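Presented below are the structures under discussion, each in the form of structure tokens.
What follows is chain A paired twice: with chain B in the first complex and chain C in the second.
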Partner chain A sequence: MTLEFDHVNCIYDAETNQPVKALSDVSLTIGGGEFIGLIGHTGSGKSTLMQHANGLLKPTGGRILADGTDIWSRDYDRRSLRARVGLVFQYPEHQLFETDVLTDVCFGPKNLGKSAKDAEALAKEALEQVGIDKSQFALSPFELSGGQKRRVAIAGVLSMQPEILILDEPTAGLDPRGRKEILSLVKRLHREKGITVVLVSHSMEDVARFADRILVMDHGALLLNESPASIFSRRETLQQIGLNIPETLLLLDELRRAGLGTDDPAMPLTPEDTAEVILSWLQ
Partner chain B sequence: MASIKDITLGQYYPTESVIHRLDPRVKLVVTLGYILSLFLITTVPGYLLAALFLILWTGLSRVPLRFMLRGMKAVFLLLVLTIVFNLFLTPGEVLFRFWKLSVTREGLRTASLMATRLVFLIVGSSVMTFTTTPNHLTDGMESLMHPLKRLHFPVHEIAMMMSIALRFIPILMEETDKIMKAQMARGADFESGGIIRRAKNLVPLLVPLFISAFRRANDLAIAMEARCYRGGAGRTKMKPLIYQTRDLVAYGLLLLYLVLSVVIGRDLLHLQNLLTGVLAWRI
Partner chain C sequence: MSLIETKGVQHRYARRDEEGNIIQTTMALQKITCEIRAGEFIAILGHNGSGKSTLAKHLNALLLPSEGAVLIDGMDTRDDENLWHIRQLAGMVFQNPDNQIIGQIVEEDVGFGPENLGVPTGEILSRVDEALAKVDMQSRRYSSPSKLSGGQKQRVSIAGVLAMKPKILILDEPTAMLDPAGRAEVLATAHELNRRDGITVLLITHDMDEAAGADRILVMDRGHLVMSGTPREIFARSEELTAIGLTIPTVTQIAEILRAHGITIVKTPLTRQELTEALTAYAFALHNN
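Let's turn to the complex of A and B:
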């Protein structure tokens, strides 16, 4: 499915004397099995934008179209939209509430009207995908480690079989190993299931490694919407809004400035690739 | 979610005005004095005086009228019931009949007086919450209740508890909003169904909410202990409350108003009864 944002505006607390303009005139398209990175400074409107994608927030201006239909038109079934556009919130483990892991993951499918048996099958499949072992199905979610809880929470959304999966800062508050696990999980889901993924992040490195396309938000506006290569050639623009190009590219820039290497436009995004580029320069 | 925002507890309206700058103790005393006067007043000129005071009090606060009236929505039903009951159920000289009900002169009089009193009371006391931050308000209460310390009444502790509770209201409301959205993203439905169903549907909201409240309480307790908090003994204030000229002027005006409302607002027969009553009680 494709989601289209058409000149979307959002104002929080519009009726008070301190309205907050959180989104201004955002137009973009999400879909087609892409891996999209969404990046921006704190308070730039990333979470707000994503909550519009599945109809949790209603735009104060503009339209959101799902496969061409306005999701705020009368009689539109927004609950089934929420199954197709899975949204994993920041710190999703805070939403766990059931007595055991499996039942918690069943919550989504059951809400969609699936029978207990089907819901359980979907939940088991989702838990397997996120790498939770069968022996842990019967544990209380509160007995798990932080990283495991988060994976259970992600499974809670995956079990609804979304066509678009949006993850709002899925690595926030995890240690480096936990971060890596979650990111490779997301990458694997994208590759194996062919679903569209939107990864919201503060970290240019995380986004850079996986995204086919990067969206850059600044003060509620969509500043850039391009391929990683094209985004990273705009170092000044990024730095102006408090972001930076990935560290791997920064390192190569420094080396170039020191007179090492060539001006070839190599853009390695993983440490391994960077090491290879530097090696080739040295030889 | 709009429903959560409609609850305007601690409904501070930030703007610049004389009333905003008044000492919170003055505002508390004025509010109490005004409420007292509303119960003293029985005559029409007295009500005019109270109206005059209210116009001055709200006008000076520079809080738009529609915000004041928004607070009235919540008590609208109470207001209607007061009017209806007083109008139809007060015995006396019948003015006209309407189906099986009859409206009496006394009923008309009591209904209109009660309604006026109620509206004055709500608007008059809401000025205080509109113009004073919750923290200021508790500071004011703590200071006013200070004499009770002599009686070993835990004034500081109660004030601290109140300010913590007030501080947590917006946080918990935000948290509720977030968890609600997260569960709605998993297909939860908080809006339809009968009362039992709805109550059941609240479990996925309440469990995470309680867990988060306990987590926050724990964090706060640790943070306070880490800063050596140990109750009110020997504790000084960073911003002590100090009366300014305008505060004294306000007290003076309040006194004048109270005297006037006794003189104008009560018919003298009542006053005499009151006085003899008090004297009799003294003897």
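Let's turn to the complex of A and C:
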């Protein structure tokens, strides 16, 4: 499915004397099995944007179209939209509430009107996709490790078979191994299931390695909407709005300043690729 | 004498059934023995569930050892009479800024600790002044905490600890929920307090670059203290770190790959600047041969 934001505005506290413009004339398209990164500092409007994408918030101006239909038109089925556009919030494990893992993941599909049997089949499939073993289905969610809890929470959204999956800071608070596990899980879901993924993050590194396209938000506006390579050629703009530049690129910049590099615009993001560039420079 | 001393500390968590019978026990800390000197900046690394936070909570008597002892400035945390003194000496800031701010305005939040101790009003106000100045938040003294950024909230939380006139500041993943600008603010504040005011800082983190700035790193794994050393010593042991779910700073990783390709890098670099210097030296030597 394709979601289109058409000049979307969102103003909080419009009736007060201090209205806050959380989204300012945002136009963009999400869909087509792309892997999209969404970055911006705290308060830049990322979360507000996400909540508009599946109809949790209503724009105060502009339209949001799902496959061409305005999701706020009178007869539009927003309940099914919420299943098709799956939202994984920050620290999603805080929202686990059932007595066991399987029942928790069944909640979504049951809520969509699936029979108990169908819901269970979908839940089992989703748990398998996130790498939770059958032997853990009957455990209390609270007996799992942090990384496992988060994967169960993601399964809770996957069980509703979304076509677009939006994850808000899915690696926050995890150790390096946990981060890697979650990111490779997201990458695998994207590749194997063809789901459109929107990865919301503070970390340019996480986003840049996987995304086909990066959206940069600042003060409620969509500042950039480009390929990672094009985004990284604007390092000064990014720094001005408080975003971090991948360490690998900063290192190459510093080596160039020290007269050790060439002006080739290489933009490696992994240590291996960066070492390769440096080796070519030293030869 | 060390400011913080742990001697063979064990901590057992018990799981109980509905009747309160113990059905399982987990050893969260296993014979932890370490000493921390006054004025050190310590980073504690470890995977999720390795016991980092459990250890930190022993240092201000939020948790007591099942076996062994924790001495803070010579005082045993198991001795009830020391409790208030220890809590005043060792203050803690947690991950989520929204869970630890209670005041309606910044000033009130920072003054809460000393007020609770029965410090006279005049002195509370001067402590609040001083604490806010140390974290550079004087201008927000009368703001509502809800209007602050994440980094500012964490600085207010740190000021709340400083108002108690502590010797030890324990930061449990204080930057995990912050964006890069907020992270940088909080980290700079912690280093400033350490350098300028001599406060001993313990920083629990998953961020290897944050840890690289510490005087010493302690590494935890499944309840054990498995390594202790300078960042350069610790990050030279990348294989062991990877095996326990950790990693090393990006620059250090790149240096390792370059070394494997025959590039001479004498000192394990932790920062971009150090690697740049090492490579400049290498290129210079190459040129002169």
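Assume the second predicted complex is superposed on the first by the 279 of 283 C-alpha atoms of A that agree within 3 Å, B and C clash if a C-alpha of one lies under 4 Å from a C-alpha of the other, contacts with A are read in each partner's own complex, and residues count from 1 in each chain.
By our rule, contacts are C-beta pairs under 8 Å (C-beta built on N, C-alpha and C of every residue); 3 or more make two chains touch, one makes a residue touch a chain.
Predicted model, so just to flag it, every value in this text is computed and none were measured.
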Using the superposition on chain A described above, determine whether A:G43 touches chain B (first), chain C (second), both, or neither. second
Thinking of the overlay built on chain A, is A:E272 touched by chain B (first), by chain C (second), by both, or by neither? second
Counting residues of chain A touched by each of chain B and chain C, the higher count belongs to C
Answer with first, second, both or neither: which of chain B and chain C does A:Q95 touch in the superposed model? first
Counting only touches as set out at the top, which of chain B and chain C does A:L251 meet: first, second, both, neither? second
Indicate the residue numbers of chain A shared between its chain B interface and its chain C interface, in ascending order. none
Touching chain C in the complex: which residues of chain A? 41-43, 145-147, 172-179, 202, 242-244, 247-248, 250-251, 254-255, 258, 260, 271-272, 274-275, 278-279, 282
Within the complex, which stretch of chain B touches chain A? 5, 13-15, 64, 178-179, 181-189, 203-204, 207-208, 211-212
How about chain C: which of its residues touch chain A in the complex? 46-49, 95, 149-150, 173, 176-182, 206, 208-209, 245-247, 249-251, 253-254, 257-258, 261, 263, 272-273, 275-276, 279-280, 282-283, 286
Using the touch definition up top, name the residues of chain A that touch chain B in the complex. 13, 17-18, 51, 54, 56, 79, 82-83, 86-89, 92, 94-97, 107-108, 111-112, 142, 156-157, 160
